[in-house]
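One structure is given here, and the rest of the page talks about it.
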Amino acid sequence: MSHVMTDDVKIRVANLDFFYRDRAILNDVNVSFAKHAISTLTGPSGVGKSTFLMTLNRLWENLPDAAMTGRVEIELQGKWQDVYARGMSVTDLRKMVAMVFQAPNPLPMSIRKNIAFPLKLSGETNRQTVAARVEQALQMANLWSEVKDRLNDDARTLSGGQQQRLCIARALVMEPEVLLLDEPTSSLDQASTAVIEELLVGLKDRLTILVVSHYQEQVMRISDNIVRFDGNTVVAQTEK
Amino acid sequence: GSLDVFKGESGVLKISGGTAHIPVMKDVAKKIMVINPDIQISIAGGGSGVGIKQVGEGLVDIGNSGRIATEEEISRYQLNLYKWAIDGVAPVVHPNNPVKALTKTQMIDIFSGKLDNWKMLGGADRKINVYTRDEASGTRAVFWKKGLDKAQMTTGAHVVVSNGAMKSAIAQDPYGVGYVSVGHIDASVAPVALDGVVPTIESVQDGSFKIARGLYSNTKGEPHGLTKKFIDFLYTTDGKKIIEQRGFIPVR
Amino acid sequence: MKKIGELVAERAFFLSAVASSSITIGILVFMVFMGLPLIREGGGYHLLLKSWSPYQGSFGIYPMIVGTAAISFLSLAVAFPVSLGCSFLIATIAPKPVSRGLRRIIELMTGIPTVIYGFVGIFLVVPLVREWFQSGSGMCVFTAALVLGIMISPTMTLFFSDSFDRIPRSYLDAADALGASHVQKLLYVMLPAAKKGMLNGVILALGRAVGDTLIALMLAGNAVRVPASVLEPARTLTAHIALVIAADYESPEFRSIFACGVVLYLFTMAVTFLVRYISYAEDRKP
Amino acid sequence: MRLRILERLTVLFAWAAGLMLLCAVFLLMGYLFVKGGRAVDLSLIFGDASPLQALLFKQRVFDGLFPAIVGTLVLILLSIFWAIPIGIATGIYLAEYAGGRVKRVLDALFDVLSGIPSIVIGLFGFSFAVFLHKQYSNDIGPCLLISSLALSFLVLPYIIRTTQAALEGISPRFRLTALALGATRLQNIFLVLIPKSLSGIMSGIILAIGRCAEDTAVIMLTGAVASAGLPRSLFSQYEALPFYIYYISSQYSNPDELMQGYGASIILLSLCALLFAVAYGIRKGLSHFIFYRP
Amino acid sequence: MSHVMTDDVKIRVANLDFFYRDRAILNDVNVSFAKHAISTLTGPSGVGKSTFLMTLNRLWENLPDAAMTGRVEIELQGKWQDVYARGMSVTDLRKMVAMVFQAPNPLPMSIRKNIAFPLKLSGETNRQTVAARVEQALQMANLWSEVKDRLNDDARTLSGGQQQRLCIARALVMEPEVLLLDEPTSSLDQASTAVIEELLVGLKDRLTILVVSHYQEQVMRISDNIVRFDGNTVVAQTEK
């Protein structure tokens, strides 16, 4: 409930309500997230954590019967912006507020093309630039060494952990300012989980990270800041 | 009057074949069915060839034809022929077409595809759209024999399936030419004078228009019952009146 | 007691399946059987390559095969872009309410009877074509293909929309979350992913176009000649059957329409198996 | 930049295509209604006869569509009557009993059947009628019975497929529910699975009805004629709306007949549109109705 | 592994192997279950617990690609019967060995009709008898008082816990001798869980109960007998 109102704040959410049809999923959520930190969102299943993430990049707008009221502001490109303002371009927003889903979702194309996909979307056609940024993103996601010899393979042939890192790399290639991750390790084994946790901790210098996680130990290991959801709203926010 | 014989009759009478006959058949059938609701008469087209074959096979009771059945057909199916009207087959064009007279040679050239622009005949500079009938047609057979002297017809011709369809096709196409039963000609199409003779029912009757033919109803063997009464009716005064109204010359 | 009921029911279901599937086979056998004498006499390929002039004793169906191919491919050329565009609109490009409404309308359009397209075609499209092109009667390959194309577009659009609908949710989410615009999502994710399904749609639509009788019969002019241009009349196999059915059952004309039947049947089989093969290959993709 | 242009063009293209299709169809239908709208009245259907008398079959209708409408309705009823039991039974067999090779073969056969052009089915029906005529009885020829059988072949795949799809779409959990309570396979099918999939099956049947109502190619070879009056028996020839429209389109003999053609088109179109609307509307409600019937 | 070979045994399973296609799910399972007792089956997810339950009432036979070998014997109507014997009627077996699924699965009909459904299956048509047995079953499942005024409502309008009890009542209406429950409380809240646990404990005088459960506390609370599955077979059987 408490508002963190320092210069370090990256995201401010105020009076957020969310509905599927007439069912209230989130009710008067007020919360802020710090810059260059990992915030974890926890809480029982079905409480609306995934839904909350989608309110930050407006992804819910593609769902049928979903409705939202409230205010979401993010400091983007150095200035505070109302995410739901009229002039805001959804596609630009989503490039700056990247998202990684619970189940890895590589596109049905080669590894290289998967990573280059966001560049293609923004009209980048210079092959050299693309190649360089693909490599850089894969490096950041700790995946480069494992896939550099098979960049043209179908991305769906990678293992689960590799696919999850591929999705992180794909989210990173546009150099977003915020990275949202929805239970990024829930379908992975211990070893892959460790790799990804390490990766996230390494990334927090560059960007602001929000992770939904069920695992208490994981939450403890990586978070700077814990946000607990329950009964349709945020019930506690703890800084570590 | 002459419809009294149908009182008390009942049953089904199936008629098919020649499409030139259809207007007369429909009028007669209606008259009979109004008098006696127990009688059911169905009328289908198909063309003379179909009429002859179907009556021969026993699929219908009366098979109409716009040509005389061949010796081979008569003996194969034991056909009885009843010629009840005289008719002609006339070339027709759209009423707006300035070309309303042709020589026989010109007509043969048109239908065999040698002459293919109206300009050559003093009309608009447009391709001639030739319309013909399917191979089962008696009208086609007569026209081919007596009008075209058995010259080969162009394969590029549009094919329509009945006299009625020929008439409405020509009525719609300002650049079309085809041929229909003289009885079917009305204001929607213009008959074309052939070697100076305008095809009308009168010129057919007096013999000046040469492409003449009879309209036949055929039965397999001796007709009896409803079939016989139906055919007999065509020769009564009432029957002849209908035949005349529909543009044909009743026989006898 | 109950056991017997179960067995009887199962047997009844099975016999129904056998009976209804034997129709498929029965039709083919019958067609071949009826067409056989002619095929045997003239040689099958002869029949397929000769022209149609019964008075000369030639009963080939070559012009009809060409007519069918011309009309159906041209109608695909009309229907494909239109359906593609409409399915794009429905898939992402149009706003939700518009897309939903459009889909409803298109579904409804699949229910318009063929004979009505033909009817309006004769009185509206034929004169228009005749005047536009200042040539021919208006009853021609072009008119038939145009109306046929309009007629199969709704079906084809729905085939396309269905293949878009089958794209896994995760691909769409990925594209959305990466900031793809509607068109980008469509072009770079949905279209490649739905390619195979759409190919199936095209093949099935071709099957429909080839199998249609009324449009060609009413609008194409039915001339038995290989058309030299799209403004000339032509006859399809289906229209040929409808026109010649009128002949004598013993005659070679009548036999030849069974050859048409066999050709159409085999074409249907080819379409079916091609589509099944493509779907099978698609299912086996990783 | 090249891509950007492609994207723009795609949007333009899509809207253009959508507009074109809608325009084309509204033009076609608009033309029909504008030209033919005023033809639709009672005398279009009943001619000179009194509607009441005609509906009671006491008076014959000569210059109206009544016999054609009745012919079409009778034809639909008969075809559906043949196709429903065998179609649903086959659908059940495919979904619940068939497996492996048998299922694959049957699937392929029904795919082929659903693709056979209707004129080929008509040709089959016609020559089969002639065959029966020659071999067995002089009374059989192209007629209502043959037409309805041929049409039922045409729509059988619709019914089979929708039944099969509706049954296969039921979740495995739902499928096990009654079985775990000791239901036999047949009880499960008839008490649980069929009621559950009834909406799907019904909408398939209605689509099949629509197909029967609009088909022309089959009936023009198997017994529909220009003039026959009301059908009297299964072995009589009959009139039907779509055939009437086809017939008028090429051989109307005066403007009045042509107007009747327009009127018949509007009636047939409305009938088919109605069937379609019902089919889409019914998808939801029906199984609810069955389970809750007191 | 140990065979309990006393008079108190209700179910004996010997050398049971189970496959989906070629994948072995259960491997040489040998286990017995006591009469008038609650046995709980535990073990990690995916080990084959649900599958095992289905071998007892032959429900797996309706799954495609499933195969089984081994012996299952249950003492039914006072005598030992081989469940897979030729003469055994599956439908009779399933009436005596009733099953309740993890997610409540009411049929889409009224509450009354749901409970009466098994009676309908066995051809019971006397309305009085049906009404009496429906009430009795609902009483046994502790649901009567809650639903007696709305027996004609759609069963799917009940709450999750009520639906689960409805399914138990529906299983009880045939007066089975064995009741199999697959994680009956996993989708329920604490309060509903307590109601169902109490109900099961109350039922064990009448019948033999097998429950699959993940929750250690639950297992401890209600079981007379714990069977642990792991690595495709039973690894421990503990009596309390």
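Observations on the model:
The letters A, B, C, D and E name the chains in turn, as written, and every chain counts its residues from 1.
Basically, a contact is a pair of C-beta atoms (placed from the backbone, for glycine too) under 8 Å apart; a residue touches a chain by one contact, two chains touch by 3 or more.
Chain identities (UniProt): A, E = Phosphate ABC transporter, ATP-binding protein; C = Phosphate transport system permease protein; D = Phosphate transport system permease protein PstA.
Keep in mind it's a predicted model, so treat the numbers as computed, not measured.
Chains that touch both chain A and chain D are the following: C. Summarising the inter-chain layout, the chain whose CA centre lies farthest from the centre of chain A is B. The two copies, chain A and chain E, are related by a rotation of 170°, based on C-alpha atoms and rounded to the nearest 5.
Here the spacing of chain A and chain C, counted between their Cα centres, is 48 Å. Look at where the CA atoms of chain A average out and do the same for chain B: the two points lie 82 Å apart.
The distance from the centre of chain A to the centre of chain E, each centre being the mean of the chain's C-alpha atoms, comes to 43 Å. Looking at chain C, residues 2, 122, 181, 184, 249 sit in touch with two or more other chains.
In chain A, the positions touching at least two other chains are 120. With touch defined as above, residues shared between interfaces to two or more other chains in chain D number as follows: 130, 184, 250.
Chain D contributes residues 60, 62, 130, 133-134, 138, 141-142, 225-229, 232, 236-237, 250-253 to its touches with chain B in the complex.
If you check the complex, the residues on chain E that touch chain D are 57, 59, 62-64, 91-95, 98-99, 101, 103, 105, 107-110, 113, 117-118, 120-122, 154, 170-171, 174.
Considering their complex, residues 12, 14, 16, 19, 22-23, 26, 29-30, 33-34, 37, 40-45, 57-60, 160-165, 167-169, 184 of chain B touch chain D. By the touch criterion given at the top, residues 46-47, 49-50, 53, 57, 126-127, 129, 134-136, 152, 154-161, 172-173, 175-176 of chain B touch chain C in their complex. Against chain A, the residues of chain C that register as touching in their complex are 170-181, 184, 188-189, 192-193, 286.
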